[in-house]
Amino acid sequence: MCRWLSYIGDPVYLEKLVFEPRHSLVDQSLHAEQAKTPTNGDGFGIGWYDDRPTPGLYREILPAWNDPNLRSLAHHIQSGLFFAHVRASTGTHTSRSNCHPFAHDKYLFMHNGQIGDYPLVRRSLEAMIDDEHYAARQGSTDSELIFCLMLTLGLVEDPHRAIRRTIEIVENEMQTRGATAPFRFTACLSNGNSICAIRHASDDKPPSLYWRKRNGHVIIVSEPLDTDADSWAAVAPNHTLHVDGNLVVTEDATLAA
Amino acid sequence: MCRWLSYIGDPVYLEKLVFEPRHSLVDQSLHAEQAKTPTNGDGFGIGWYDDRPTPGLYREILPAWNDPNLRSLAHHIQSGLFFAHVRASTGTHTSRSNCHPFAHDKYLFMHNGQIGDYPLVRRSLEAMIDDEHYAARQGSTDSELIFCLMLTLGLVEDPHRAIRRTIEIVENEMQTRGATAPFRFTACLSNGNSICAIRHASDDKPPSLYWRKRNGHVIIVSEPLDTDADSWAAVAPNHTLHVDGNLVVTEDATLAA
Amino acid sequence: MCRWLSYIGDPVYLEKLVFEPRHSLVDQSLHAEQAKTPTNGDGFGIGWYDDRPTPGLYREILPAWNDPNLRSLAHHIQSGLFFAHVRASTGTHTSRSNCHPFAHDKYLFMHNGQIGDYPLVRRSLEAMIDDEHYAARQGSTDSELIFCLMLTLGLVEDPHRAIRRTIEIVENEMQTRGATAPFRFTACLSNGNSICAIRHASDDKPPSLYWRKRNGHVIIVSEPLDTDADSWAAVAPNHTLHVDGNLVVTEDATLAA
Amino acid sequence: MCRWLSYIGDPVYLEKLVFEPRHSLVDQSLHAEQAKTPTNGDGFGIGWYDDRPTPGLYREILPAWNDPNLRSLAHHIQSGLFFAHVRASTGTHTSRSNCHPFAHDKYLFMHNGQIGDYPLVRRSLEAMIDDEHYAARQGSTDSELIFCLMLTLGLVEDPHRAIRRTIEIVENEMQTRGATAPFRFTACLSNGNSICAIRHASDDKPPSLYWRKRNGHVIIVSEPLDTDADSWAAVAPNHTLHVDGNLVVTEDATLAA
């Protein structure tokens, strides 16, 4: 399991969320409170949008609490839309290629959860990836695989449909191959203009997901960044949260069907 | 392209070959003379056999010339059969999972060369890997893929046949998919008792390979470790070199057929 | 604060203590129970004696729980006297040079604790290091500094005196420069034949230290490796524990004077 | 020896100099032409000024040619004044703390060269550092030591005087302690508004240094970035080059006295 956050709104320095809050993402890398494990020290990553057509990416295998580069970058990089992720491996190796976020063209993706009994279904799911994204796969995680599947299944054309189809296909394959562990999928996607967050599980225990809108921005987080608990709303299980460039927030139940 | 060496014989400290010779493997990481590139600084690895049923493995993403751990390990680890490899990436990322040697059960494998136009054939070749080794694949290199194919094609039962079949399948697939770059395959395998080295290419430019037998040991190398040029014999193109536990050396042309 | 263990006795594979016990040192890197912080993820190291005149050393900046090299080395390296250490930085950077154990000639040293208000006294203490060890200093930690002081103050000739003198000098300098934070010093030294462990603090809170003698070996640990609590004896505050090559254990109060 | 570049002028993406030129700094990390060694693979760093009061810093122990983070950062970070450095160690360890540039407050410093027989003079030179900068020293290089000395000797108040005094003191100490190897010092300093580059040696072999002014910027480099050789001017031995915020370039001979 992992912890992540995403931000959309007026440009801010990344440190504003990654380091400064009492329960910042870096604090969560040492002391997560709503995760299965308190320590998320198996690498981390940030992805951010700026004037360039594709997002910036900085991923490292050290723990986030322990990287002076991250501290300097988060102090100097401003963005109006960014992702940050601290990783707790569920089995695959710690390498930069296995760290989130994953980027393709203008898209960013990150994930907290896992495909249950991943080795059972890895082969058949990878076989469904189209040639372009198959060739671009660099790591070995289920998370990158899910991203490749969404890209294959039309993320560019119809993201909500691609997400639904991906979940269906993963769960279908898990059932066919006799996976007994659940699919847990609390994830975040962006095209640089809007953010789509998903809180899903094949059982009744989707990883936690919260959001908060304040003047000029929306933050989506695995767990609240501060003790002002009332200010954070939980995303309902099997719901998606969509935040557009005008900060209009829509929560819907398409995944719950 | 990469540089590697393997050793079989009376137990020696690894530094004897990795550091001490004038043109040691670590020297070759900075100044290779018979490779396409002089610098082999994209990670390295050592694998060695001892009293344990499976080989030891130490792989790192730093350049070999720059790792105090390697210096200490090579000073302290003795072995009567070991591999060492310095890597020059042909495109895939620098991660430990992409560093040689690769290990499976009691087997070690390392490689210098490449599957030409790898992205064209990666998918269809990976699809031929059997379930066990598919699930165990951690990196993204063509080298690890070749090892998985050999394991799938009966490396345990009949290594020479598995090697031949793997080469056939790779070259067949390259032809089918229209690869124009050559297959270069100078590689080394061991089961802990004997060593099999292969010097092969689909064109007439297989990477260099030499060996030398002296009292109590045989060394196989990408390029000679010292200036005593006459003491090293070149393996002929498309030949395999087999060294058994009694240091009996057999070179044969089964691949040249 | 950090966690460490040392072993003397019949040769064993390092994994026997580093990985296998329920509350192994690697488990303590994630879940220390008697330390100020549960996470010791700022690098680690192992040092071991074998047939070579100087000890082997493997130190890495990744968390110990996350390093496949450590797993393989601990499976393959046997030793009759070794140290292992997982680090929680008290301020200095995470680099291999700052990881324990530190080695000089045939000596190994590791430490859990800190010089309170280290910046206040660093300069004057470093000035007391003799030329040889001053030139050899590679990191910036108080721990390496203490080791350099002990070497300067006659560790080779009279280790107990060198330890006492070092503690005196450090505490004297702290007092002179107005340090208010305490000196905490739970440390371990070896010359390859015997082990000397120290549990000391300038206040009444020396970090925890335990030992156990069983057939053929003695283990000294920051905290017990298993739940057989009665089998572990606590070293008294401001005492030293000495274990010689015949596994004769002597605890004395020379530091308590 | 190392290779470096600095830039002042209209804001550009760092990749414009670090990656794009035919003989970019990253190319120089593999194939330096005017250095003692062609390979500069012992870490690297970038430092850049933006709207923040202190510069950004990204330093890494991998070779520069091999770091996807550097590629992404250089594609996304724009600056009107930045430094970049690729390192070839002259003896000290490869750690981030030993990578250039070094930063203090608003200052950046980087260096190519060495204090000859550094171990002979390290102690006495470190003793001259004032308390503030002594406490802040994190690595063990002669380069960081020189920076600390310049800060101690009034870099903030009178940079040219501080540079001259530092060179005098270093050379004086080398002479006193019987150093026979030369002092080589081709370095670069900035306060965020202007750049001062120094080409100095105690013998007649100062490392190479070039500069070029074109519309809207000045570049200073260890060796030319392209084959337009005539467009680059060599800085004379024992001269300093000063470029102010209006791109007025002054070369003077104060060090040659």
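Quick notes on this one:
Letters A, B, C and D mark the chains in the order given here, with residues in each chain numbered from 1 onward.
Definition applied: a residue touches a chain if its C-beta (ideal position, glycine included) is under 8 Å from a C-beta of that chain, and two chains touch if they have at least 3 such contacts.
The structure presented is a predicted model; accordingly, all values stated were derived computationally and were not measured.
Following the contact convention of this document, C, D is the list of chains adjacent to both chain A and chain B. The chain pair with the larger count of C-beta pairs in contact, out of A-D and B-D, is A-D.
Between chain B and chain D the centroid-to-centroid distance comes to 40 Å (mean Cα coordinates, whole Å).
Contacts with at least two other chains are made by residues 68, 93, 96 of chain D. Remark: chain B residues 30, 38-39, 41-42, 61-63, 65-66, 68, 89, 93-94 touch chain D in the complex.
For chain B in complex with chain A, the residues that touch the partner chain are 92-93, 95-97, 119, 122-123, 126-127, 131, 134-135, 137-140. In the complex of the two chains, the chain A residues touching chain D come out as 48, 50, 52, 56-60, 68-69, 72-73, 75-77, 96.
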